[in-house]
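First chain A sits with chain B, and in the next complex the same chain sits with chain C.
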Partner chain A sequence: MAAKAYIIGTGCISPQNTTDENYFFETIIGPNGDHFPAIEPSYKEHINPNMLRRMGRAIKMGASAARMAMTEAKLDNVDAIMSGTGLGCFEDSEKFLLAILNNDEQFLTPTSFIQSTHNTVGSQVALIMKCHEYNYTYTHRGFSFESSVMDALLSLNEGKKNILIGGIEEHTPLFVELNRQAKKFNTDTTHPLFEGKTHGIQMGEGSAFFVVSSEKQNAQSSIDGISFLYKPKSSKEVLDKINQFLDSQNTALDNIDLVLFGFSGDSDFDNYLLELLPLVSNHSATAHYKHLCGDYHTAGAFATWLADKIIRKQEIPHTIRINHHTKTSIKSILIINAYLGINYSFTLLRQC
Partner chain B sequence: MDVLIEKLKVQIIEQLNLAEVKPEDINPDSPLFGDGLGLDSIDALELIVLLEKHYAIKIQNPADGKKIFESVRTMAEFIKSQGKS
Partner chain C sequence: MISAIGNNVQEAYANLSNAKSGIGKIHHLNTRYKDEFVAGEIKLSNNDLMDYIRFKSPALNRTSMLGIAAASEALKHSGIDLNDGMRTGLISSTTVAGMCKTELFYKEMVDKSLHLEVLDAHDCGESTEEIADYLGVKDFVTTISTACSSAANAVMLGSRMIKQGMLDRVIVGGVDALSKFTFNGFNTLMILDKEWCKPFDENRRGLNLGEAGAFIVIESEASLKRRNGKALATVAGYANANDAYHQTASSPDGFGATMAIQQALKMSGLSPAQIDYINMHGTGTPNNDQSESKATVNIFGNNVPKFSSTKAYTGHTLAPAAGVEAVISILSILNDKIFPNLNFTTPIAEFGLSPVTQVTSHRMNHVLSNSFGFGGNCSSLIFSRV
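And now, the complex of A and B:
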């Protein structure tokens, strides 16, 4: 896989003020008790109000973030759209299923059914742009967004020029409540997520989209490669996979300027990352991100947006740092994302 | 008839999630589709469900739909003609 995916446009809706161009995590917003709700922008600025009325939150967040990325890239259309989502349009799925129950399988309206499928976000983005090109939605749990990145890298290698990729996730009050009752949440905000002293996660949501191109243009960073690891049995297996991946990218862990860790705060799932942290901290700056966006299937999209922003600004915000290595420049960032100890992914971004 | 028209306006706004529209914005004689409210084919399905759910009316002949859903007033007249108002 030789092609680089130059990032020429981004858009991010998250539990932080990421739609504000000037905001860079000087102060951060903590969870709302045990979960992170996204800060939603005024959607009317990005989507036709007549289309808005039918859209659930996932679609609104996805279509708006996609619009922001396209605006920054100064493009009207792309050669492909690849989206990733673990749970899809959860709000509409819930509405439709509850309507079945509440109305005894009668009076079912079409809107929430039509919009309940995972690929609605990608298709709505295409409808808005009138894009008739390749459109694919990956629903591979913790690999959903990462699969869209992989597809983009392969497609750029095969000659496509500009591609829109993104990750979207939403939660609903009912879903949050069910997880709360199942005791899946971490309500302890006194310990940082990377200390391994807490149990449960802080669930998050959001949407991050990127226009990636085979041509550098005004890009300041590129996604150079991505690798996956499913259900590793030890931290050594994770480390071996990272080394193998970085070797394939003609680099090594010692040369990475910043490693972004996806600690969830659940010590039951974070143990391999906790074992890796001291090995990495000797030579690289280390930071984490799920205390900004929460944990969800496509948190890797937020991490990719953050990594791109760090390279653009050449600054690691103090609110995300784990160690305090000083780097004169940040030329390479390795994202180590992990979802519930099952889906591990490694993404390499470089300055360009 | 006027009471039914006002009730229908509220139900249409709620069913179609017309958050920006107020009942007084809807002219009962304006077309629901195309111009006027600018509804589309998915909205037509929603309106069919509305009649079924709130007025227990099933449209037997789909060809009648065009006339029934011409405006809020024609919908109200149809409901009244079925003795369901």
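And now, the complex of A and C:
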């Protein structure tokens, strides 16, 4: 993949105050017990109130973050839209499912069914800007957003110019409760997520969108490549894949200024990342992000937003650091995202 | 491919050639409306399916089992050895995913905290990973969910990844099991016909739902040559466009569909006159068939090629529909045969278009296959003779 995806606009709704342009993780908000709720902005600043009334929360978060990215990119339309979401519009799915079960399949209305379709966010974003172009929704766990990134790179290679990509995930009170009952959560607040001393995850949610372009314009960073690894059997396999990927990008691990680790806090799943951490700590600054956004299928979108922001600011917030390497400049960032030890992805961003 | 017209491609071909529909009384889906509606149900129960794929795992849901049945047939048919050092991917698609099982247990999950492990298999990625693990595909996996055009988009992504040298071959398609969730969803939208659907008929009343797993294997020319393989057909063109008209309805002017067909033609380098047959999306809903007819006329004018919708055989299987129809389109090319549009009697007055209604021999070099979905998603694929 030769094209670079220059990031010319971003929007991020997350459990942190990321919609405030001046905020940069000076202080951070911890989980609400065992999960992170997103801080939702005033949606009517981003979406027509008539449309807003009918939208579920995932659609509102997605459409707003998309709007923010488009505004920053100063664009009215794009050549393609790719969204990633692991569970789609879960609130509407749950609403329709409970209506079926509670009323024995009677007295149903179609609204929540219509909105439950996984590609609703991408479709609504297209509908709002009347975008008739290519529109895909990826729904593959920890590869959902990452598949959108890969597709954007493919599309830029094919000659498309401006592309909107994003990741969206929402949770509901009932979904959180079911996962709590299933003992999926980490409620330990004494140990940082990267120490491998905790079990379970802190579930998160949010939405991050990006306008990426084949032309640099005002971009300060670009996504240069992405690589996937499915169900590796050892940390060596992860390391080999990273080396192979960085080699294809004409660089090497030692040259990476910052490695962003997707530690979930569940030591059952973080093993390989824990083994990698000391290997990269000598040369690179290291940091993590799931204590900011929580763990969910499209946490990679948050990480990508964070990486772009770090390159723009040329600063690594102390609240996310693992080691304390000083770097005079941050020219390259490798994101190592992992979902439940199943879906590993490696994303390279460079200053431009 | 596994669908209401057979558990494999051979059975499907026999039924297609005998104009024998798979749509009938509902046996397995436990809905209160089972005696009121017909559907394109696969004849195997979940237990039968486990026997059929020779893989018994309590974690598997119907969607995953249908996917395993279809994808393993496709891979076996291709003759590809996954351990030959070449890169192989799996791009699946689904809309129902684990909902077919979640809906059976959700009450007990919520009320009694039982069966919580079912939640782990609820998402769309689950069935893809079950298929990948069953087959041993490791190099790339992803899942697309763009409603009823999903599998067409899987074909398209797979083709693009091969073209750009990211994979040597890729198994692409989709899978959806029938579920109460989708059944009731379509029922509340009032687009289900209680009897056999009649695509492109003036008096059509709606669609019949179906279920299927359907995959094709796409391989690069270099990889095919290396192993002395033989292709069944080529993917000559593809395009995806968005109607951007309404969340569930297609535009009356067929804007998105026209754009998808136009771009697919452009990519293939073919003129409209070179298309020998169109396998239509043709769900049988008043809205789809009107919009698709309009798009067809927009592109082909007075020279509309022979066409049919095969939805009256299989029902509308949602995500895998385009996979089912890719298989049918390839069967059409291999056998120079058009499989008819069942249950048709009266052309839509606005267009006067009549589909092929009998099994017809017809020399076929290029077949266009359309698939459209909620969210305005419009995809067109062109398959060509090798």
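Quick note on the criterion: the second predicted complex is superposed on the first by the 352 of 352 C-alpha atoms of A that agree within 3 Å, B and C clash if a C-alpha of one lies under 4 Å from a C-alpha of the other, contacts with A are read in each partner's own complex, and residues count from 1 in each chain.
Definition applied: a contact is a pair of C-beta atoms (placed from the backbone, for glycine too) under 8 Å apart; a residue touches a chain by one contact, two chains touch by 3 or more.
Keep in mind it's a predicted model, so treat the numbers as computed, not measured.
A.B. asks: Is this a clash or a fit when chain B and chain C both end up on chain A?
C.D. replies: fit
A.B. asks: Once the two structures are placed together by chain A, how many degrees is the angle at chain A between chain B and chain C, based on Cα centres and rounded to a multiple of 10?
C.D. replies: Between chain B and chain C, as viewed from chain A: 60 degrees.
A.B. asks: In the overlay, answer first, second, both or neither for which of chain B and chain C A:Asn135 touches.
C.D. replies: A:Asn135: touches chain C, not chain B.
A.B. asks: Quick check on the superposed pair: does A:Phe228 touch chain B, chain C, both, or neither? Answer first, second, both or neither.
C.D. replies: second
A.B. asks: Figure out whether A:Pro49 sits in contact with chain B (first) or chain C (second), or with both, or with neither.
C.D. replies: The answer is first: A:Pro49 touches chain B but not chain C.
A.B. asks: Going by the touch definition up top, name the partner, chain B or chain C, that contacts more of chain A.
C.D. replies: Touched residues of chain A are more numerous for C.
A.B. asks: After the superposition on A, what does A:Pro110 contact: first (chain B), second (chain C), both or neither?
C.D. replies: It touches chain B and chain C both.
A.B. asks: Output check: A:Pro37 vs chain B and chain C. Expected answer is one of first, second, both, neither. What do you get?
C.D. replies: Touch status of A:Pro37: no partner.
A.B. asks: In whole Å, what is the nearest CA distance you get between chain B and chain C after the fit?
C.D. replies: 8
A.B. asks: Across the two complexes, find the residues of chain A that touch chain B and also touch chain C.
C.D. replies: 106, 108-110, 114
A.B. asks: Which stretch or stretches of chain B touch chain A in the complex?
C.D. replies: It comes out as residues 15-20, 38, 42, 45-46, 49, 52-53.
A.B. asks: What residues on chain C touch chain A, complex-wise?
C.D. replies: 31-33, 94-95, 97, 99, 102-103, 106-107, 109-110, 113, 116-117, 119, 122-126, 128-129, 132-133, 138-147, 153, 157, 160-161, 164, 166, 180-181, 184-185, 187-189, 240-248, 255-256, 259, 373-377
A.B. asks: Using the touch definition up top, name the residues of chain A that touch chain C in the complex.
C.D. replies: 1, 81, 86-88, 93, 96-98, 100-101, 104-106, 108-110, 113-120, 122-124, 126-127, 130-141, 143-144, 147, 151, 154, 157-158, 174, 178-179, 181-182, 228, 230-231, 297, 342-343
A.B. asks: Which part of chain A faces chain B closely enough to touch in the complex?
C.D. replies: 49-50, 53-54, 103, 106-111, 114
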